[in-house]
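Down below are the structures I want you to see.
Below, subunit A partners subunit B and then partners subunit C, in two separate complexes.
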Partner chain A sequence: MRKLLKRPDLGIIIGCLFIFALFTLYDPAQWFNWGTVSNIGEYTAILGLLAIGQSFVVLIREIDLSVGSVYGIVGIAFVGLENNNVSDVLAFVLAMLLALLVGLVNAALVIRGKLSSMIVTLGGLFFYRGLIYIITHGAVTGVPQAVRQNWFAQLLGGHSLRIQNGFLLLLILGFLCAVTLHETRFGNHLLALGGDPASAESRGVPLGKVRTIAFALCSLFAGLSAIVTLTNDPETSVSLGTGMELEAIAAVVVGGTLLTGGRGTMLGTILGSFFLTAVRSEIIALGAPPSWYVSFVGIALLTLVTINTLLLKRLRISG
Partner chain B sequence: MKRFFTHLWLWLSLCLPFAGAVFAQDDHYRFVMVSHVGPNDPNMIWLTTSMKTFNEKYPGVKTEYLSTNEYSLQNFIAILNQAIATHPDGIAVPILNNEALQPILDKAVESGIPVVAFNIPDARPVGERIKYLTYVGGDEYQTGLKMGEFVIDQANAGKVPKPVKIMCANHDAAHQGLKARVRGMTDAMKKIGVPVDELIIGSDPAKARSIMQSYLSTHKDVNYLYSLGTISCPWVYSVADQMGLKPKLSDKGVTIVTMDDSPNSLEGIKDGKILATHNQGFWFQGYLPMEILYYYKRMGIYPLNDVLTGPVIINPDNVDQYIKSVKSIIGEDAYKKQLTW
Partner chain C sequence: MITGSDGQSRPAGSPKKPLISIKNVGLSYGNFQALTDVSVDFYQGELVGLVGDNGAGKTTLIRIISGIIPPTSGEVYFDGERIIKFHPKKAIDLGLECIQQAIGLCDNLSVGRNYFLGREPVRRILGLPFLDKKKIREASAKVVHDFGLRDSVDVDDEIALLSGGEKQTFKIARAVTFRNRVIIMDEPTNHLSVRERTRVNELAVQLKQQGLLVIYITHDIFQIHRIADRIVILENGRKVTDVPRDAMSAEALEGIIRDGSRTSTKEPKVS
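== the complex of A and B ==
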C-alpha cells in the first residue's frame, strides 16, 4: 500500500478510475460503444506518443515547446516524400531523420549555446511552423490512398483485431520506455539529472549526452506520432499539430511527472493522455460545447497536481 | 529675347520631367491588405493573385499583403496595429470582430487612413458600424441562408434526404463571418423545423476528427454536415465515411455541404462527395478594395453601397464552369497542389 501511495502517477490512476466509474454510471451506452472506444484510442495514441517524448525532456527539468510544429513538419515531409514516389519505408526513415535532426539542434542550442530550453523550443515552434507555410504555400495533399494500403502504412496506421495499430504501438513503446526509465542505466541517469544535476554530475552522469538523447527522443516521438496520424487518416493541413505542444505538456503533468524533473512515469503519461482525450470525448458526447474542454483541462491539471502534491507531502511527513 | 526663350525652353525641358514626376507621385500610394486568410488557408492565393493583377494595372501603387498564420483574433489585431503605425494610404481589412476592431479602425479613419472592409463586414447598420468606406465581399448571413434554402429545394425535389438535423463544423471560433453563416443556415432550417448545431472543431485535423467523431456518435439524428470552411470539408467527409454514415451523395445517409470554390470543394462535388459549395468572389475581394482605395485617394469617390461579390451556389450543374474558371486564375499546378482529398 505504501508503495502504491509513493507512486507519482497515483493521482492520474485515481482520476482515470473516477472518470471510468462516472461515465459507466452516467452514460454507459455511449461509454462502452466501440465507436467511442476507437475514437478515444485513436487520439490517445497520437497525444500519448507526443507526450511520451515530452516526458523524457520534462524529467530532466527541461521543456520542449516545439513538438507541435515538429509533428507538423515531419508529417508534411513524410507526405511530401510519399507524393514524390519515395517508398514508404524510405519516406519514414527520412522523415524520422528530420525529426532527429531537430532534436539534436534543440539539444545543441541548449547545451552548447547555454540557452533555456523554453526559449530554444519556443523559437523552434515558430520557425518550423513558418517553414511549413513557406514550403507548402498553404496547401498540402494527403498520403495517397494506394500508399495507405501498403504493408508499412498499414503497420503504423491500420488495425489489428479492430484495434488501431497506433494504439498498440503506444502501449508497446510506452512499456519499453517505462523499462528504459526504471530499469536501465540511461533511465537512472535521466532521473538523477532531473533530480539534482549537480549531484548527478558529481556521480559521473554524462549530462550533455543524457540531455541530447532526451531532446532527440522527444522530437522522434513527435515525428512518429505525426506519421501514425497520417497513415491512419489521409487528411492533412498546414495547421497539422497546432497547439498540440501544450496538450502534450498537460498530459505529462496530469500524468504525475514533475515539471521540476526527476519524478514521473510513462504509465502516468499514457494515462494522462487517455484522461484528457476521454473527458473531451464525453463532454462533447453529452452535448456540451467542445470549448468547455479547454477550461476542464485547466481544472483537471490543478486538481490532479494538487492530489499528487498532497500525497507527496503526506509521505514525507510520515517518513 | 532669343536668349531669353532659349533659357526658358531649357528650364522648361529640365522642369517638365520633375513636374511629370510630381503628378505621377499622385499615383504612388501604398495600400495594405491586413487579412486573416494566411498561408494556413488555401484561399490566400485568390487574394494575392488578384492584388498582383491590380499591381500590373496600376504599377505606381504599392500593395502589401499582411496576414496572420493562424486563426487568432489577437494576432490579427497585432498586425493590424502594426500596419496602421506605418501610416499607409489605405487599408483593406476583414471585420473579424466589431467590438475588437471598432476603436482601432475608427482611430485609423480619423487619422486620415481610408479603410475598406473585405470578406467579413460589420453587420450593424450604416451609422452604427465601423467608419469604413464600403464593404467588398460575400454576405455571410445570406451565404448560410442560401445554402440552407438550396438544401431544402433539393430535398423537396427528392434528390437528397430531407434534413433532420444539421451540424455546422466551425474551425475558427472567433470568426464572426462563420457565425453569421450558421445563423443563416439556422434561419433557413427554422422554416421546416430542423435544428442546427454548431460544433467548434479547431484547425488541427486529428483533433477536429476526434471532436466530430465524439459528436456524431451521440447525435445520430444528424444527417447534414455543413463544413463552414474549405479546410475542413475533406475531414468531415472522411469522419462520416469511417463511421459508416454513407456520406457519398444519394437519397440515404448523411449529406455534406461546404464553402468556397476551392479545388477541394469543386472536386468534392465532381466526385459526388459534396452536394454544394458557394462562391463568394474571392478574386474580387483582393482586387476591388485596392481599386476603391485608389479612386478614393485620387478622385475622392467610392461606392456608396456595399459591393456584394457573393454568394453564388455551386452544385453539380455548374461546377464544371467554376473548375475551368478557377484553373484559369490560379493555374493548373496550384489547382492540383491544393487538392487534399
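== the complex of A and C ==
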C-alpha cells in the first residue's frame, strides 16, 4: 500500500479509473463499442510511442520539441523510399537511421554546443518541417497499396487477434523501456542525471553518454511512431505530425513524470497517452466540436499536475 | 623533519614518494584567477588539513584533484603518474573519493541506489545485465547499520528523507567501504550538530590510521589542528603555509589566515 502511494503515476492511474467509470456509466454503448476501442488503441499507440521517447528526455530535465517534425520527416522519408521501389525493410532501416541522426544532432548541439534543449529542438521543429516542404514541394503520396499488404507493413500496421499490432508494439516497448529505466545501470544513471546532475557526475556517471542515448531514443521513437501510423493508415500530408510534440509532452506530464526530471514511469506515460486519447474520442462521440479537445488537454494537464504535486508533497511530509 | 627538494616538508621517517603531487597548478574561471602556482604533495597515511578563508580556492583545488575540472596550467601526478585526462570516473577508478557538502547524493534515488551509484552491481539474466537489487539492498543495509544510522532508515526509501548529518555520515561510510586510497572531505562538518561533528572527525582519524590519505578541508583551524598531521593554508588562490601540525600552534596558524594578505608566500622555516 505504501509502495502504491509513492508511485509517481498514482495520479494518472486514478485518472484512468475515473474516466473508465465515468464513460461506463455515462455512455456505455459508445465506450464498449469495438470501433471505439480500436480507434483509441490506434491513437494511443501512436501518441504513446512518441511519449515514451519523450519520457527519456524529460526524465533528464530536457525537452524535445522537434518530435512532431521528426515524426513528419521520418514518415515522409519512409513513404518516399517505398514509392521509389526500395524494399520495405530497407526503407524502414533507412528512415530509422534518419531518426537516429536527428537525435544525435540534437544531443551534440545540447552537449557540445552547451545550448538549452528547448532552443535546439525548437530550431529542429522548424528546420525539419521546412525541409519536408522543400523536399516534397508540398505534395506527398501515401504508402503504396501493394506495399501495405507485405508482411512487414502488416507487422507494424496490421492486427493480431483484432488488436492493432501498433498497440501491442507499444505495450512491448513500453515494458522493455520500463525495465531499462528501473532495472539497469543505464536507467539508474538516467534517473540520477535527472535528479541531480552534479552528484551523478561526481559518482562517475557518464553524463554525455546518457544524454546522447536519451535524445537518440526520443527521435527513434518519434520515427517508429510515424512508420506505425503510415503502415496502418496510408493517408499522409506535409503537415504530418504537426503539433504532436506538445501532445506527447502533455501525455508525459499527465502521466506523472516531473518536468524537473528524475521521477516518472513508462506506465504513467502510456496511461497518460491513453487518457488523452480516450477523452478525445469521447468528446467527438458526444458530438462536441473536435477543437474542444485542445482546451481539454489544457484542463487535464493542470488538474493532473496539481494532483501529482499534492501527492508528492504529502509523500515528502509523511516520509 | 625532512625538507624535500621542492622545499616542502613531510613527516620524518617516510621517505616515500607522494601519492598525489600538485605542481605549479593554476586555474582560472574565465578571467578570474582562482588558483595561482600551487604546488603541494600529499602522502599516503597522513591527514592533511587544507585550510583557508571562504573563497581561498580550497574547493577549486580538490575539484581538480577529483577530476571534475582540468587545471589551466601546471601538472597533477597520482602515484607518480601524470594525469592527462581529467574525469571524475578516472579519479574514482584510481581510488580517490571526494565528499562534498552539497554534492554526492541524488535525492530522488533510494539509499541503496545512492550507495552504489556509478558502480552498480549487476547480475545476468539470459545474458543481459540487470541491477542486482538484492545485493544493493543487503550491502547498503549493512552499511547503514554499521555506521550507526537510525534503524528506521529503509534503504529502499529516497535518500532525501535522511537528515544532513545522516547524509554526511552515509557519504563517508560509502567512501570507506569501497576501499579507497584517498578520501577528500570538503567542509564535512558544516551544518552538523556537535555530536555529529565529533563523529565525522573520529571517522577521519580512523581512515588515516587505516593507511589512507585524508585531505580535510575546513575554515576552522582549531578543529583541524587537533586531528591533522599537516596543515596547508591557501589564501587568495596561493599556498601560503605548509607545515607539520606540531611546528605551529593553532593560534599562530589562525594569525596567518587572518592576516593572509600580509603574509608572504614563503614558507616558515622548519628543519
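In this text, the second predicted complex is superposed on the first by the 319 of 319 C-alpha atoms of A that agree within 3 Å, B and C clash if a C-alpha of one lies under 4 Å from a C-alpha of the other, contacts with A are read in each partner's own complex, and residues count from 1 in each chain.
In the analysis below, contacts are C-beta pairs under 8 Å (C-beta built on N, C-alpha and C of every residue); 3 or more make two chains touch, one makes a residue touch a chain.
Quick caveat, the model's predicted, so the values are computed rather than measured.
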Partner chain(s) touched by A:188 [first = subunit B, second = subunit C, both, neither]: second
Contacts of A:196 with subunit B and subunit C, given as first, second, both or neither: second
Residue contacts with subunit A in the superposition, subunit B compared against subunit C: B
Partner chain in contact with A:263 - subunit B first, subunit C second, else both or neither: second
A:142 touches, of subunit B and subunit C: first, second, both or neither? first
Contacting residues of subunit B [partner subunit A, same complex]: 38-42, 44-45, 69-70, 173, 199-207, 209-211, 213-215, 217-218, 231, 234-235, 238, 243, 334, 337-341
Residue ranges of subunit C touching subunit A (in the complex, touch as defined): 66, 68, 88-89, 92-93, 98, 100, 102-109, 113, 117-120, 122, 129-131, 133, 157, 160-161
Residue ranges of subunit A in contact with subunit C within the complex: 179, 183-185, 187-189, 191-192, 194-196, 198-206, 262-263, 316, 319
Subunit B-facing residues of subunit A, complex: 30, 33, 35-36, 39, 42-43, 46, 129-130, 133-134, 136-142, 229, 233-244, 277, 280-282, 284-287, 289-291
